[in-house]
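Across the two complexes that follow, subunit A remains constant while its partner is subunit B and subsequently subunit C.
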Partner chain A sequence: MSETEFLLWVRGPAFQVATIIFLLGVVVRILEILVLGRKPDLAEARGSAVAGGLRAIISRSFAERATLQRTAFTEVTGWIFHIGIFVILLLFAPHILLFEEVFGVSWPALPTTVIDATTIVTIIALLAVLIHRIANPVMRFLSRFQDYLVWLVTILPLVTGYMAFHRIGLTPTMLIAVHILSVELLMVTFPFTKLMHAFTLFMSRYYDGAIAGYKGVNS
Partner chain B sequence: MSGASLERGLHAFKEAIDAPVASFFSSCVRCGLCAHACLFYTETGDPKYTPIHKLEPLRRVWQQEYSFWGRFAKALGLSRPVSDDMLTEWETLVYDSCTMCGRCSMVCPVGNDIAYMIRRMREGMAASGHAPQGLIGATQRAVTIGSPMGVKLPALQAQIRHIEQDTGLKIPMDVEGADYLCLLSSMEIMNFPEYTESLAKIFKHAGVSWTLSSEAFEATNSGIQIGVSEIAAELVQRIVDAAEKLKVKTVISPECGHAYMAIRWEGPNLIGKPFNFKVLHILEVLDELREQGRLKTTGKEAQRLTYHDPCQIARRGGVVQQPRNLLNMVADDFVEMPEAGTMNWCCGAGGGVSSNERADELRLKVFNRKKAQLDAVKAEGLVSACSNCRIHLEEGLEEYHMDIPVLSLTETIAEHLAEDKT
Partner chain C sequence: MSKDETLGEALRRQGVTRRGFLKFCAATASMMALPPSMVPAIAAALEKARRPSVIWLSFQECTGCIESLTRSHSPTVEGLIFDAISLDYQHALQAAAGSAAEAARETAMEENYGKYILIVDGSIPLANPGYSTIAGISNLAMLEETAKGAAAVVSMGSCAAFGGIPKAKPNPTGAVSVGDIIKDKPIINVPGCPPIPVVITGVLAHFLIFGTIPELDALGRPMAYYGQSIHDRCYRRPFYDKGKFANTFDDEGAKKGWCLYKLGCKGPTTYNACATTKWNDGTSFPIEAGHPCLGCSEPDFWDGGGFYKAISTPTEDIPKAAIYAVGAGAAAGLALGALNRAKRDKAVAEHVKTTIDDLEKGD
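This part shows the complex of A and B:
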């Protein structure tokens, strides 16, 4: 297989398979939660479950002050790498072109120097997250193989993307092929791991906020 | 609790998993933030007390039974089933080092209500024969005698006679058509008769018609703490029967956080139908009377008072502002502890921990968190509204050589009643 053939395979059949596994997997994982259902609450409500649930979807992005002080490292690195990933994914010109190809909509991009800097910051944040996971007694205790796997498949697209942009190590064709492949690895891993939280956290936050809101508590 | 087996336990675990639980386990990223919200972790530094870890057996059942990938792995024989040994190991985590205070549920960035899951998990622990002896005893006494502490009606009647002789007040019993039916906790009957006396004073002052019931005076519910819903439902039903028989409009939960959770929020769900009466916590009733101008006080406490929010009343119950309104009536120097209100730290003895002697040492150790909160405001008096908290606060303060009186809010209000009304 030549380099060009490899790139074509990565962009063609491999991408299709990864997309199908990703979409199907995510739908199955969400449905398997919803079908379990929930008994209606028979106690007299003091507040609104719906309002509480919707509030929690937003409010759980922000820790209250004392908690933030106790867990600043986790909070700050978490914020940085999440924002970084979304900025790079959604505001890098070549990515926007891809979205335009698939969905037919486009939006303005950030200058590549900004994306470049964001990538470095995000990679550093993810390295810090890994070191924290290994060094912190609680996180090391909680961690299982999956946590390290998910870390790896999350950082790979960032590293390969950075290498592709700066043409480090391989030919441009191979670099872009490897980058796309790393994204496909992320997509395939997604439905089977805690990466699912990107979707299910809207459900868990809603349920938590609804349970509290029904009782008149801001959660 | 009879006929407990691993099989029954695993079945109960499966029953405990609903859509919220599945969404919680699906969302956990093992960030470890919940550890820092739990006094059992912060005061010991032991990672095994991380709240989400206490749920590992339940998580495993969820994964193997309700997740696509987990079922696949199970079919291939790749997953380890939950064993009796595992549950033995988890028993102390689920019962001794969790008060179901729900503080972890407030900080989880993906919104996992961990306390909700612990409550449900205990159903499987009890069904598999992994509940602590202390709680089993309390639950058996609640079912057979009517009180987890073994308090029988004659004991209550004797106490009522004492109060009536001392004060000249009437404690109404089994009065049909009264507006309010008051429940008591055994702890109040045995250790804090002043509470009942205070109710009599306040209700006379405010002109409230109320009664106790000889058939249902116990408010606490061991069935919930141990995690046996059938028993919990039976205990709730006793109260419902008494309330319906006496045709009261409202049932009042006493100064006990857990009892409030049991009757106000879990009660109708346990018996499977809505109540045809209201349930209020005594603090809600007092605050209503205050608002209506029926509660008049005189004089104020001069010492610096602070308020300990019982978890099930504030964070898990939604009664947060009422005690503040009431305290401001009778306190000159009321100060809030850091993180007061819905983020208050548990005293360390809720959720059945105080009925479980095995946990005695641990609950006194983690009281250090409350000590830090109290030190921060240099409180001279600690007011609360839960007799279980109160007993443990007194014990903890003694253990840490702190000379701070613990006061009941209801009793403090009663002491300051204006005497212009007759």
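This part shows the complex of A and C:
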């Protein structure tokens, strides 16, 4: 297989298969949770479950002061790399082009220098997160193989993307192919790992918030 | 023109001034990324260089390579350098035909055995030797015979270097590149469809000056010309960096000369000197004319998923696959959910207790 054929395979059948596994897996896992349902709450409502649920989705994004003081490092690095990933994914011109091709909608891109800087910051944040996970005894104790796997498939697209943009190490054709392949690896791992939190976090927050909202208390 | 005449003598005889000659030497030095201090050495070496014998074989090709080289350079000093090699066989240019032409090739091979430069344009068909023959000799046989006594082989154009258009899917003639057949000779790949004229004169000048082949990249291309991507040297690169793109060939962005990435430009994956040396004596290059780079100096450029499709976009129908995936996922999710429900209801009915072991998930 030549490099061009490899890139075509990565852009073609491989991307198709990755998309199918990603969507199928995500939909199955979300429905599995939703279909399970909840026990009906027979008590009289003292507030709005929906309002409480929606409030919790927002409020749980921000740590309370005490928590923030205790886990400032996790909070800050976590926010940085999450924002970084979204900025890179959604505001880099070639990525927008991909979304336009698939969804038919387009939006303005950020300058590549901004994306470049964001990538470096994001990679550093992810490295810091890993070091923290290994260095902190409690984190290390709680960590399993999957936590390291999820970290790896998250940082790979960033590193390969950076290498592809600056053409480091391989031919540009191979670099783009490897970058797309790393994203496909992320897509394929996504539904079967903790990466599902990107969807389930809203469900669990809503669930918690709705229970409290129904009771008329703050969650 | 006698064979023993040096290049300097030949140039003076054709009326090239010392100043013009030195200007060419300086241009050659800068093109080959050599320091200015090398210019006198280049001049001295070229001055004394004997015209090397060059045999040019044309196989499955369109003559575009030789058109590119001759037409745009015949009035320039590079053209004279070209005159100043002894082009002993080139069936598109030579006056002789038939057995006389073949005799010229055989004589040149005999007289300069081990010293001549072999230039090849076009790919070699392996599926059936009858697909392309010259004087009844198959391309494969002629290449193998002529390469034996060559000092070096120059694969001119993408067909000779990588198989090019003849090798494009489904490759009916079983076309291969020169490098697929010749393994025991130094090969310089000068790809492009066609290659830039100044690149071949530069490669020949390097050979005349240093008597060696130039530094090559992983694909056998001279680093001096193929060392940087079109994208990195493109004058429209600032628009790429700013995220300003032409969406069609006649929109506002196209008129303002913005980046052609969205229109399928292969500049980011293409290594060539178009953006710097340009074409037609430095007039312009395809992107300057408003057309995206096709990536013609890269292997298999013809099968790269479409000239007008951006390299970062998928080649298969993703929305359709997505709809099927979501549909299948919904069906499977509902079925699994129902199963889980039944399992839970059963556990509730049977008063099954959850223990700490159920929560421990070893992964």
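Going forward, the second predicted complex is superposed on the first by the 219 of 219 C-alpha atoms of A that agree within 3 Å, B and C clash if a C-alpha of one lies under 4 Å from a C-alpha of the other, contacts with A are read in each partner's own complex, and residues count from 1 in each chain.
We adopt the following convention: a residue touches a chain if its C-beta (ideal position, glycine included) is under 8 Å from a C-beta of that chain, and two chains touch if they have at least 3 such contacts.
Keep in mind the model is a prediction, meaning the values are calculated, not measured.
Undergrad: Following superposition onto subunit A, is the placement of subunit B relative to subunit C best described as a clash or a fit?
TA: Overlaying the two structures gives a clash between subunit B and subunit C.
Undergrad: Have a look at where A:Pro94 lands relative to subunit B and subunit C in the superposition and call it first, second, both or neither.
TA: The answer is second: A:Pro94 touches subunit C but not subunit B.
Undergrad: Once the shared chain is lined up, is A:Arg167 touching subunit B (first), subunit C (second), both, or neither of them?
TA: In the superposition, A:Arg167 contacts subunit C only.
Undergrad: In the superposed arrangement, which partner chain does A:Met203 touch: subunit B (first), subunit C (second), both, or neither?
TA: Touch status of A:Met203: first partner only.
Undergrad: Which partner does A:Leu34 contact after superposing on A: first (subunit B), second (subunit C), both, neither?
TA: After superposing on A, A:Leu34 lies in contact with both subunit B and subunit C.
Undergrad: If you stack the two complexes on chain A, which partner ends up touching A:Thr112: first (subunit B), second (subunit C), both, or neither?
TA: The answer is second: A:Thr112 touches subunit C but not subunit B.
Undergrad: Of the two partner chains, subunit B (first) and subunit C (second), which one does A:Gly47 touch, if any: first, second, both, or neither?
TA: In the superposition, A:Gly47 contacts subunit B only.
Undergrad: Going by the clash criterion at the top, which of the stretches 8-16, 134-142, 152-160 or 350-358 from subunit C hits subunit B after superposition?
TA: The overlap with subunit B comes from subunit C residues 350-358.
Undergrad: With the touch criterion stated at the top, can you tell me which subunit A residues are shared between the subunit B interface and the subunit C interface?
TA: 25, 28-29, 32-37, 144
Undergrad: Can you list the subunit B residues touching subunit A in their complex?
TA: Touching subunit A: residues 17-24, 26-33, 35-37, 41, 45, 47-48, 50, 52-53, 66-69, 105-113, 116, 264-269, 272-275, 278-279, 315-318, 320, 338-339, 342-343 of subunit B.
Undergrad: Sort out for me which residues of subunit A touch subunit B in the complex.
TA: Against subunit B, the touching part of subunit A is residues 25, 28-29, 32-39, 41-44, 46-47, 56-57, 60-61, 63-64, 66-67, 70-71, 74-75, 78, 136-144, 147, 191-192, 194, 196-197, 200-201, 203-209, 211-212, 215-219.
Undergrad: Okay, in this complex, where on subunit A does subunit C touch?
TA: Checking each residue of subunit A against subunit C gives 2-5, 7-8, 11-13, 15-16, 19-37, 93-95, 97-98, 101-103, 108-113, 144-146, 167, 171-173, 176, 180.
Undergrad: Quick one: in the complex, what on subunit C touches subunit A?
TA: Answer in residue numbers: 218-219, 229, 232, 240-243, 245, 261-262, 268-271, 298-301, 303-305, 310-319, 321-322, 324-326, 328-330, 332-334, 336-338, 340-341, 344, 362-363.
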